[in-house]
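Chain naming follows the written order as A, B, C, D, E and F, and within any one chain the residues start at number 1.
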């Protein structure tokens, strides 16, 4: 149903299978999700995307759950259904409670509403916001 | 430069001026930013938007800084320049460090990239993500 | 400031100048706006766009003001600042009152908010909506 | 299939069930659509969204059918399939004829096309449009 | 499942059936895809869209395959699943190899990422880019 | 005017200055554009973005000019003004003629229009497009 076939472990090039194994090890699950199975046609892209994702989502100045919430928010604003589903599941796995989910949704709704108003009104940016 | 005039305190209807005062009190500053000054043509919309924003951004299961980060992310994904500027400033005022900002940007970039890939490939959602 | 030069009447190819004249005649003004001056590099595209616009925006089952309101709404949702400005001006010229403008903005804000919620929640479409 | 379960009347919190009843009464139908059933996890958000929607879509300077057409247009531009379906159905229920629907689609297509051109060419806004 | 019924050859108005025949002749296939079958309710829109598409996608300064790749890229960025599927199939029919597809995806991902960064940072345009 | 200061060579961390030098060498110009100067606050992100961009835009199954055209198209669809300007300039530097530019714009406009129609009509994907 994707625009390219989903590759099983058997069909994937060896270099992609190695990334599948890295995904399994990092996540402690046997499931390799469809996103990786379509990217597997291009082992270099698969590896680069997986490795960058690991680096970006690692604990840092922001904790991993906060990063997942931001990921869900961007995915919703960009209209990516697949990403909303997979990162909402990831956020729950990292500790998102129903209350956090409701508040995340409320911020997404609020921002979308004021984004639309500011754009529909073409509000000029306050000079105050432009100071370094 | 907006599609309607920015209203000064003198030009704004009394009911809108009252909201301006509430904004000043809540934020501890004399500055009422341009977004509110264009909304002031419609006092009911101004009040409803301001009050809902206060409720949504209040401390809850998520803290106010996390909410501002999510707000910036949605605003960037929606392409609202005004909102990116005003909420980046708000996030800094609430404690966003340069390291947090860099990580926020990295998550936005990562999500935008994988959102685009998942959409360009029309990846079907894994049944696993669809379970309640 | 555009990615191609704005063409004056003198610089524009003769076929584009003829479209400029058609625009002036249809609108009863001497002003040919910037959108047409950048399209003028490609006279065929200029003519096709202008003629299709005239046909689409003409009175029909929907009146021209309603069409302009829809145009503004789409332009805002698509984040086109130029289009928001030019079609808000056109809507005013066709009779949009401040009250209509406020209600237009309220619908844009409401839709943007519920669009974001439905996407962030990946709400499945009710079978009822899918019947012919 | 949503990212949270759809709540039946039995599963919904009492406060959400009361909003379901208000929806049924206002619409004269027993059907409560999926959007409200997922929002029902957060009774305050459900009530706020429903009440604001009623206020925004009520007759005013613009009639309810015009507001529905604008709602469909924004939903299409924002890529919300659920919202396109539900508000196209609502527009038909409020009197949208096939001719109106065709004209709505033509304006959406035209605006999307010129929005893309203005953005791809980065057309500067005419000073004329920036006057109050 | 569309918001209007898909029209079979028998159901379509005669003028739309004539466009169906033109599509079949141009493409050397009996299949008329769903996009045209929903547009067929409005024969004028169907004809205008089909004819403009033929003109735009014809060989010119850019070859038809390059145009299809651009079409896929825009469709992905606009989040149109239908269009991603139909134009990816068209690109393959015009000679897009798996290597080209991988590179197309890599450019879409790269652009989406830097678009998001430039917007989230509100980078001012270099004066150099604004010279004619 | 960005949400973080543009860093001059003197202000940038040493590791970022090294990337500036790589950019200058690769492009044969002394100008380092604003996008890189804002990313320079985060040397790791700067290097990763620059290196990935070099790899993605290198000659391959698609030539660099075709890749730039795709980049412009995605940037326009995503509404990134900065990116439209910088990649239109890059495309011209790589050989985009005015005729190519006009055809690029025509494809962007056509795709945006049919994307909007397919979404506003919620056209179901033809089974034919879903076969591997």
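Here is the rule we use: contacts are C-beta pairs under 8 Å (C-beta built on N, C-alpha and C of every residue); 3 or more make two chains touch, one makes a residue touch a chain.
In this text the structure is predicted, and so the values were computed from the model without any measurement.
Common neighbours of subunit E and subunit F, by the contact definition above: A, B, C, D. Comparing the contact residues of subunit B and subunit C by number shows a mostly separate set, under half of all numbers used being common to the two copies. Relative to the C-alpha centre of subunit F, the farthest chain centre belongs to D. Bringing subunit A onto subunit E by least-squares fit of CA atoms involves turning it by 120°, to the nearest 5. One finds 34 Å separating the Cα centroids of subunit B and subunit E.
For this pair, subunit B with subunit F, the centres built from the Cα atoms lie 26 Å apart. Note on chain placement: the centre of subunit C and the centre of subunit D lie 20 Å apart, centres being C-alpha means. For subunit A, the set of residues touching two or more other chains reads 1, 3-4, 49, 52, 73-74, 76-81, 84-85, 88-89, 102, 104-106, 108-117, 119-122, 130. Judged by the touch criterion defined above, the protein chains are all mutually in contact, each touching every other. Listed in rising order, the residues of subunit C touching subunit D in the complex are 1-4, 6, 31, 33-35, 38-39, 49, 52-53, 56-57, 60-62, 66-67, 69-71, 73-83, 85-89, 97, 99-100, 102-104, 106-126, 128-130. The part of subunit F that touches subunit D in the complex is made up of residues 72-73, 76-77, 79, 81, 84-85, 104-105, 108-117, 119-122.
Remark: subunit E residues 3-4, 41-42, 45, 49, 74, 78-80 touch subunit D in the complex. Across the complex, subunit D meets subunit B through its residues 1, 4-5, 48, 52, 130, 132.
Residues 79, 84-85, 88-89, 98, 101-102, 105-106, 109, 116 of subunit A are the ones that touch subunit D when the two sit in their complex.
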